[in-house]
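Okay, so here's the structure we're looking at.
When the chains are written out, they are named A, B, C and D in that same order, and each has its own residue count from 1.
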Amino acid sequence: MKKFVNDPADVLAEALRGIGAAHPELRVDAENRVILRAEPTRAGKVALVSGGGSGHEPMHGGFVGRGMLDAAAAGEVFTSPTPDQVLAATQAADSGAGVLHIVKNYTGDVLNFEMAAELAAAEGVEVESVLVADDVAVQDSTWTAGRRGTGTTVVLEKIVGALAEEGADLAAVAALARRVSAAGRSMGVALTSCTVPAAGRPTFELPDDEMEVGVGIHGEPGRTRVKLASAREIAKLLVDPIVHDFGDAVGPAIVLLSGLGATPLIEQYLLYGEIAPLLTAAGIDAQRVLIGDYITSLDMAGVSLTVVKADDEMLRLWDAPVVTPGLRWGA
Amino acid sequence: MSGAVSTDDLVAWIRAFRDAVAAHKDELTRLDSEIGDADHGSNMARGLDAVVARLDPAPATPAELFKTVGMTLVSTVGGASGPLYGTLFLRMGPALASAEQMDATALGAALRAGVEGVVARGKAEVGDKTMIDALTPALDAWDAAASGSAADAARAAAEAAARGRDATVPLVARKGRASYLGERSAGHLDPGAASATLLLEALRDTLAGTE
Amino acid sequence: MKKFVNDPADVLAEALRGIGAAHPELRVDAENRVILRAEPTRAGKVALVSGGGSGHEPMHGGFVGRGMLDAAAAGEVFTSPTPDQVLAATQAADSGAGVLHIVKNYTGDVLNFEMAAELAAAEGVEVESVLVADDVAVQDSTWTAGRRGTGTTVVLEKIVGALAEEGADLAAVAALARRVSAAGRSMGVALTSCTVPAAGRPTFELPDDEMEVGVGIHGEPGRTRVKLASAREIAKLLVDPIVHDFGDAVGPAIVLLSGLGATPLIEQYLLYGEIAPLLTAAGIDAQRVLIGDYITSLDMAGVSLTVVKADDEMLRLWDAPVVTPGLRWGA
Amino acid sequence: MSGAVSTDDLVAWIRAFRDAVAAHKDELTRLDSEIGDADHGSNMARGLDAVVARLDPAPATPAELFKTVGMTLVSTVGGASGPLYGTLFLRMGPALASAEQMDATALGAALRAGVEGVVARGKAEVGDKTMIDALTPALDAWDAAASGSAADAARAAAEAAARGRDATVPLVARKGRASYLGERSAGHLDPGAASATLLLEALRDTLAGTE
């Protein structure tokens, strides 16, 4: 395993130490493994709390800051945080105006956040939750765990964070969050697996001439393994299922093409050069485009494409100031 | 009908479960690599190490013991298995608190309360390719053998768990991460069913000493 | 080769297409392979032009925008741009107030920018050049090509871009650029090689238990190959030669820890957690810290550490607004 | 003393150089992988393809030809080799323009002008492990043989270039990217010296046909 690590068991604690050292505008609660804004939540402002397993950086800790999250609970690598962690984040972030939990749809995240919400409610904190389940690679069904939550989470945290910053109340914040969640679709592809530090070797082996289509963000194999294809063909594999799943015309949209960790930016741009015309042809008007490593899967080579159908309010809130280590503009 | 199970036996069970998970940590992670995210071994090992660290001094009653175990798992494991295993133990405690005598029937009722808690939390049914595929048949076998000793019941339950675990191989997962793989989840053993089997085998081995 | 590409010969042209599609605030001159701000240079503003081989993204094209570069010439992967390209960038960016060429010290970059500067002068454009040669892994000598230019380039482009935005004249802009260049030191380490698309296979092979110390940003082997070490030990390998090269106490500094392309952010933070106390112990006061992929080497796993000794003016200009795809704050 | 070299011969030389570089493209890149950045083969191939695309119709004079070749290399190769090879040809043109007869002596003088241009630009000396290590001995050998035919001189020069190229192996580089490797650059053949040898071998092969 070729990684910048000491003892694999210490990865999370040590990465948090680095985040704390690099970002005076954040506060790291080492005991609870929670990343917070250095400034306490303004009285009356709804707090946004997210979290999940680590290994997806900059998500979520890198999205803590003005205009986005108030706190993020960091689980072990690919392991959702515990209810205690989420409770600590929730209590620390609450200013009395209530807290929105932003939860990606994985059994572990759902259960741990659910327990944390119950505990928080018992402590008198008002909590609403929004679930992100945007991965069109997974067929939805009432009998299964449903779709995974991926790239739409980033867009949601940005947009809803802006609304909370404006002073909207918890009901309004939660309603917008559900609207953004419903408006997003994602699809991922991987050229390699990744190595979970504690496991010490790649999660799966992939021959040099094959790739995984329909992967999530946990280094898992995808829905199908196919022959390695050109960027042009891969662009179709990403765009088609999203377009198909939207069904109706999309119109204005926010588009996120995120590298999964080991894919350099030059390849991401090259691929976006193939994606852009396909989006246009499908009636998706990419009004805002974000390209880079925003939601990752350790050192997996690959990308995920996210399209969020955006109305004027969402676009306005997208453009509002944001000051976080991972996403910053307007201030 | 032989001697009742003591709190010490139950503490020994939890320690034995920790040791079994530690010994099978890499294997559990390997199973989770095939159809999940390669963390089940480290998740369970981390949680059970934390549990064992809190067993000294040993809790005085089964109810206290299982509360400690459940709370510790919930607060140290994370992932899907943390709340699920946590719930299992948290529900077992109250069930045992009201038992007059800690025999096979009482232990079986406690296990049933625990597994029902897991089902309530996780909504999985037998055949979904989860730990439930090991736990539910184990319960049924326990009940069928509960007129004998707890050791006998545990033997039957462990055997049924292992059969249930092995039966997950051909299944297409409908719950947990493996469900994302769709048809590709078939042909692999579910890691949670494997750890659940270790749990019942640890009980079998512990109670075997009480006969 | 596992990459998002079509024909390896088209990588540069196609990546530029993606940059153009993603960034309406930029203009891509496809023929000359130049990335410019969409808005022409304001009259009287000195223009900053840089460039180099591709494969280092976001550098340089991703640093074009308000408060940083005016234009960047993009060479083929790891190949300095030609004089024609640099001339085109220079002429397009010049508003009459002159142009600063920011050149990394590689024979190819030096020669091609030199020829471009001669051609531009012949066309009546006033050009000054600054050379970045900050890589302490390479021993300096009048008999050799000297040190490579690496991470200090990013810091220089940011700081000097802010001064140019304020309306300083070419002499002042060039003087500050030379001051920043002289104040920077860098050191890199690689855990893997990278694959140049046209070559189709890794530039070098590195056993699983070895790493390269003292690498640049072109996928080349380093000064020494050593056994793979812990993050703690690697931090020392990076910090010590920089501290030693500075000699004197450094005091306030801007610190950049850049991933080389395939190293995920969680590892970069973990490593920074080890670097930070070493810097402090050595009297380096990291007043500003930037962590992430800013100057890369395709899909190489590794990092480079840059320390720029910074005075108050540099810190003030560092904090000034910047609006580019790769670096953005304050606006 | 045999027949003079024609402009057509020189065009054929450039085409032969392109073909040789195309044939050795991967090898040049492999050499550059060992002590550089794995682009010398593609750089030279890209530039020479562009050059050949501009040779139709063929330039009328050697001066025009070399100007076209030099300008095209400068504007399409990039890297260190672009300006250096570009300069080589840009300096050869004027030297030949004033020649009365295109014989071994005139061609040798042109080559000298070209190589001096490369030295002026790149500041490399023999022993620095660059293309100069092939070009300079080639020039000297050319001059020593310049009383014979151009074909003979080219033969001697190509042989000297190859020797110079091979002599780069043990050297520690002092110029170009290989210098960053310090002592580790020893034990590898310089890619620029390899392509420069192809240039002189292409001339040898082309002129061999003129005898």
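Note that in this section a residue touches a chain if its C-beta (ideal position, glycine included) is under 8 Å from a C-beta of that chain, and two chains touch if they have at least 3 such contacts.
Model, not experiment: these values are computed from the prediction.
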| item | value |
| --- | --- |
| Any chain in contact with chain A as well as chain C | none |
| Centroid comparison with chain A (C-alpha atoms), farthest chain | D |
| Chain centre separation in whole Å, for chain D relative to chain B (CA means) | 75 |
| Rounded Å distance between chain C and chain D, as computed from the means of their C-alpha atoms | 32 |
| Averaged-CA centre spacing for the pair chain D and chain A, given as whole angstrom | 54 |
| Multi-chain contact residues (two or more partners), chain B | none |
| Shared interface positions of chain C, touching two or more other chains | 77 |
| Topology of the chain contact graph, where touching chains are joined (line, ring, star, complete, other) | line |
| Interchain pairs in contact, sorted by label | A-B, A-C, C-D |
| List of chain B residues in touch with chain A within their complex | 29, 33-39, 41-43, 46, 74-84, 121-122, 173-177, 179-182, 184 |
| Footprint of chain D on chain C - complex, ascending | 9, 53, 75-85, 106-108, 111-112, 114-115, 135, 137-139, 143-145, 148, 196, 198-199, 203-204, 216, 218-221, 223-224 |
| Residues of chain A that touch chain C when the two form their complex | 2-6, 11, 14-23, 54-55, 57-58, 62, 77, 191-192, 208, 211, 228, 230-232, 234, 261-274, 276-277, 289, 291, 293, 296, 298-299, 301, 303, 323, 325, 328-331 |
